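In the two complexes below, chain A is the common chain; its partner is chain B in one and chain C in the other.
So, the complex of A and B:
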């Protein structure tokens, strides 16, 4: 029997990786006392992974820039909070309804994408982010305004998700699902259509792809992923306010996708893990050292480092972390016979 | 009259008259060549047929369907597909995926879901693509990413993508541009095979006179939007106006 021609990658290690993901908290618990803090960081990374995978479908595969994904996350979080706490829907139902609602928001934002592209679309979506933030403050009766909103704990089919330990398993189950679904999307007819729109609109049209339909669909799918992330965000952090969904976060998402490698789902995952771990674990270390010499506001140093990382990646490694991994893999495949100066 | 009928087509971009009263017919099972100097409106004509440009006047009838009112992405449903002059491939997809892109319209949602669930479905979908790639002689490149592949392969990938739509009429925009003599001969062979074996009508824009004269059934010479000559290769070759346009005044004498 012929093996699938599409997936030239080896799928055998994926179950192993999934087992490692689920065994990791146990490992962490036995290794350190402050494992809860690390789990908390990993949970944030897991939520962001769901979102960046969706963003990668939109920005990496369809080539439509979005600087409004923090807003999609916010809509998802607030919608779920309102649906569960104020309307009284069960959490499981909110997991299905909220992504669709956020997807529809994405659909609406997709309209300008039919006419404008590139930086202008980025600015439009950025504007959308500001509007959403103002609207959340304006609808104070439901959202609690700028004071923020307390969200109840998630109950998943009778199991109450109490702490970061439980959150980890819930979030990473969904993250793995999101990655699998995203890869299925990307490797299907839909993904081919998205990539054709990115690289050549004319060829896409000549092959019978309706540009408007597929651009909107890309926004819809991306919005759904972001909405899903939003639901998890609201019910695992238990408190949301407009400060969580800054424009800086949108930019950070783009940085995650860029650093990971534009146009590859695994790249988005790697980039997200890289940036979140950098943000929470390595930068604070440097920051303490640096603040002895330079006066720094909170957050300044972060932005500086992320800007630097992005520049370095764009200049020296445009394919991102995933591209680096691919190169090393090729290097070891042909190991003793490497041509010289090929991989420097 | 022909299968594709173009009547009194006018197309101008503000001041520039790209097409001026162009009318001809393409019969079924024919290789019809469009030639002419740069800027004579050949590509514009293709874009009009393909729906990228909307001509101001005139009509284009294909199998009793008026092409003027059809959107670009629906043209392929009517059995017309095209290749492009400058490569319009997706570099970060494998050749097989690029070819499958052309089959987009035929794959339904049901197919996609089946494909996700079973391996067999996937193979069935790919078999036609591989058959066409085999026909063009690029089947051994199926797994290669198109970025970094030789120009000839990329050109053939375009043709494969156009063929997998199962068209009745294929528009080829300079299939032999940038090819050497050997490759041009292969292209000529492929074009005639597309017509003879697959039974597809071919409308081709080409600058290589040797190629055009050897394969065409009919030739239409355009110059600044107007038709200079229309007919069999021998008639066109000896047409005084054509010689004047292509070789200059002195050569005529």
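So, the complex of A and C:
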């Protein structure tokens, strides 16, 4: 019998993980009275997971660098805010239309990717981010200009998403779906074409892969993921402005993918959770402890820690958190017959 | 029957005699916890250090005198790096985790706008958001009932400046350099209003937040024949524009909005800054009013370095007066509702740091008048009365 595409994978733990994800808010609520604060942070992490999974398809699997994903997020957020609040489309429809619109923007940005690569592509996408910011300010009639835009609450099939609790279930349902779709994409013919382009453009072309088509397709898909995240971002934050989507956010997305492990969907998820939790929970805790001994300005310390994390990962763990997990798993699988120097 | 009636009457008397002693989160027998969200790592982090320092100086003074109704005021400061998303996280942390009584001084328009849904959801008041944007006192906006604004809006400041220029010279050709963000947006609103009132057209030149080169804008003002130029910047912008104008031989009268009333403008611009006029909405730090006098006295006592003193350190000191007054008005057993109701009873309240402030249920605007200050020999001197 011919093996199915996913026969080699052990998928038994996935339903367990999904149940844990949906039970987590209940555990949190019983553990702490400030659960709403933690839920909000997790919601933001969930939205970023959708985006970084898409970014990983572009950067990790196709090898195309993007420093413009905050701009894709912005387009998604503003498009949805305009479609729902000004045009009057239902939120459900915006969830379908907005990612397609943002995907088309990605498609357009994919054009330069046919001729440039590496840092030059990074700079082009960064420039795209600046253009989007100027456009948001210029179209102030719809976007509210630099003053920002208030966004209504999402209504999903008659249920109004009123608070962080409701938001959590909506966001994580979509985040899980995004992970499953992304996994399907990278395991398909499309994903193999992306990886072939990443590994060697010449070899890919020689194998009959249409570089233009697949590169632009990669940007389109990545844009769609970012657009989807943008919709959720707008209706979770309830207020969006150009200050939300600066270049630092694009860099942070790259860091999330890098720390998690480039070229692995689960890595993007782990990296995003790691960075968001570090930024909002562990670094402030550490800062409070440190402030008793040394006087530090909060922001400087955070930047220092992030820089250090990136350096450590690039030098010692280029495969990221997911790579670490894989190594550990293999280690215990062959234990006690591990080659002595292999895992040191 | 007689017994039952007497019990009911006695219970009613006891109930009437009892004060409601319940308090909101953030209030203990000895302490009131306040949450402040500043920019400690973003583009205006310098302000984020100065403003809370000024506030703490006044709160320490109040605490040393026994606090408010016997409780010491303690302020927690969070960082948002001028990112509205981080402002929301910080507000959630302060309200949900640290359980503060109220928020105070959230800096920046977009961060303050971003936390409106949280204010509405949690019912936590925000006292003196640190932005001159008039959107903060717009009562038609979300959660407006929870926000008590102190600053006169950039739109009002711009309009008063244009009125002043036209009063002096009806043929003046006016130009405005505005920051391409919410600050500039609000200034342009006042500009449009003045254009309509006087039937004039103002030459508008934009610049990005953090810009360091203003040659293009200054040249354009020169080419446009502007006799009077309003600069909607902070410190670097007026200094650079006036120095550039001096270098290219362009002579015009320069004006600035509230954030340019910083002593560093005079110090850095030197000769080029002489005669610079700025709109301000509080009793300025050099004046002889009671607030500024106390400020100078406390700065001396606390050995505040000379370079820290000035507009932003003073801003923290001044707005803390409104916070403390609100807490006083909230009574011995403060709740958030009592704090808001207490502030809404302020009528022509003379704080010594601001012109008289009035709040009511439908008006949370705070200061609604502006005074013009001119740099004369490196010192700021008032050249007008309070104008509306």
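Everything that follows uses one rule, which is that the second predicted complex is superposed on the first by the 326 of 344 C-alpha atoms of A that agree within 3 Å, B and C clash if a C-alpha of one lies under 4 Å from a C-alpha of the other, contacts with A are read in each partner's own complex, and residues count from 1 in each chain.
Rule of thumb we're sticking to: contacts are C-beta pairs under 8 Å (C-beta built on N, C-alpha and C of every residue); 3 or more make two chains touch, one makes a residue touch a chain.
A quick note: this is a predicted structure, and the numbers were derived from the prediction, not measured.
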{"item": "Touching partner for A:34 - first (chain B), second (chain C), both, neither", "value": "second"}
{"item": "Touching partner for A:203 - first (chain B), second (chain C), both, neither", "value": "first"}
{"item": "Chain B versus chain C as contact partner of A:193, first or second or both or neither", "value": "first"}
{"item": "Which superposed partner A:184 touches (first chain B, second chain C, both, neither)", "value": "first"}
{"item": "Touched partner set for A:263, first chain B, second chain C, both or neither", "value": "first"}
{"item": "Partner chain in contact with A:328 - chain B first, chain C second, else both or neither", "value": "neither"}
{"item": "First (chain B), second (chain C), both or neither touched by A:244", "value": "second"}
{"item": "Which of chain B and chain C A:160 touches, first, second, both or neither", "value": "neither"}
{"item": "Chain A positions touched by chain B in one structure and by chain C in the second", "value": "none"}
{"item": "Interface residues, chain B side, partner chain A - complex", "value": "50-52, 71-77, 81-82, 84, 88-94, 96-97, 100-102, 104-105, 107, 111-112, 115-116, 119, 122-123, 126, 142-143, 161-162, 165"}
{"item": "Contacting residues of chain A [partner chain C, same complex]", "value": "33-37, 40-41, 44, 137, 140, 145-148, 150, 163, 237-244, 246, 280, 297-300, 302-303"}
{"item": "Residues of chain C touching chain A in the complex", "value": "40-42, 45, 49, 79, 81-85, 88-89, 92-93, 95-97, 99, 108-111, 113-114, 116-117, 121, 133, 135, 141-142, 180-182, 184-186"}
{"item": "Contacting residues of chain A [partner chain B, same complex]", "value": "1-2, 4-6, 8, 184, 188-190, 192-193, 195-196, 198-200, 202-211, 263"}
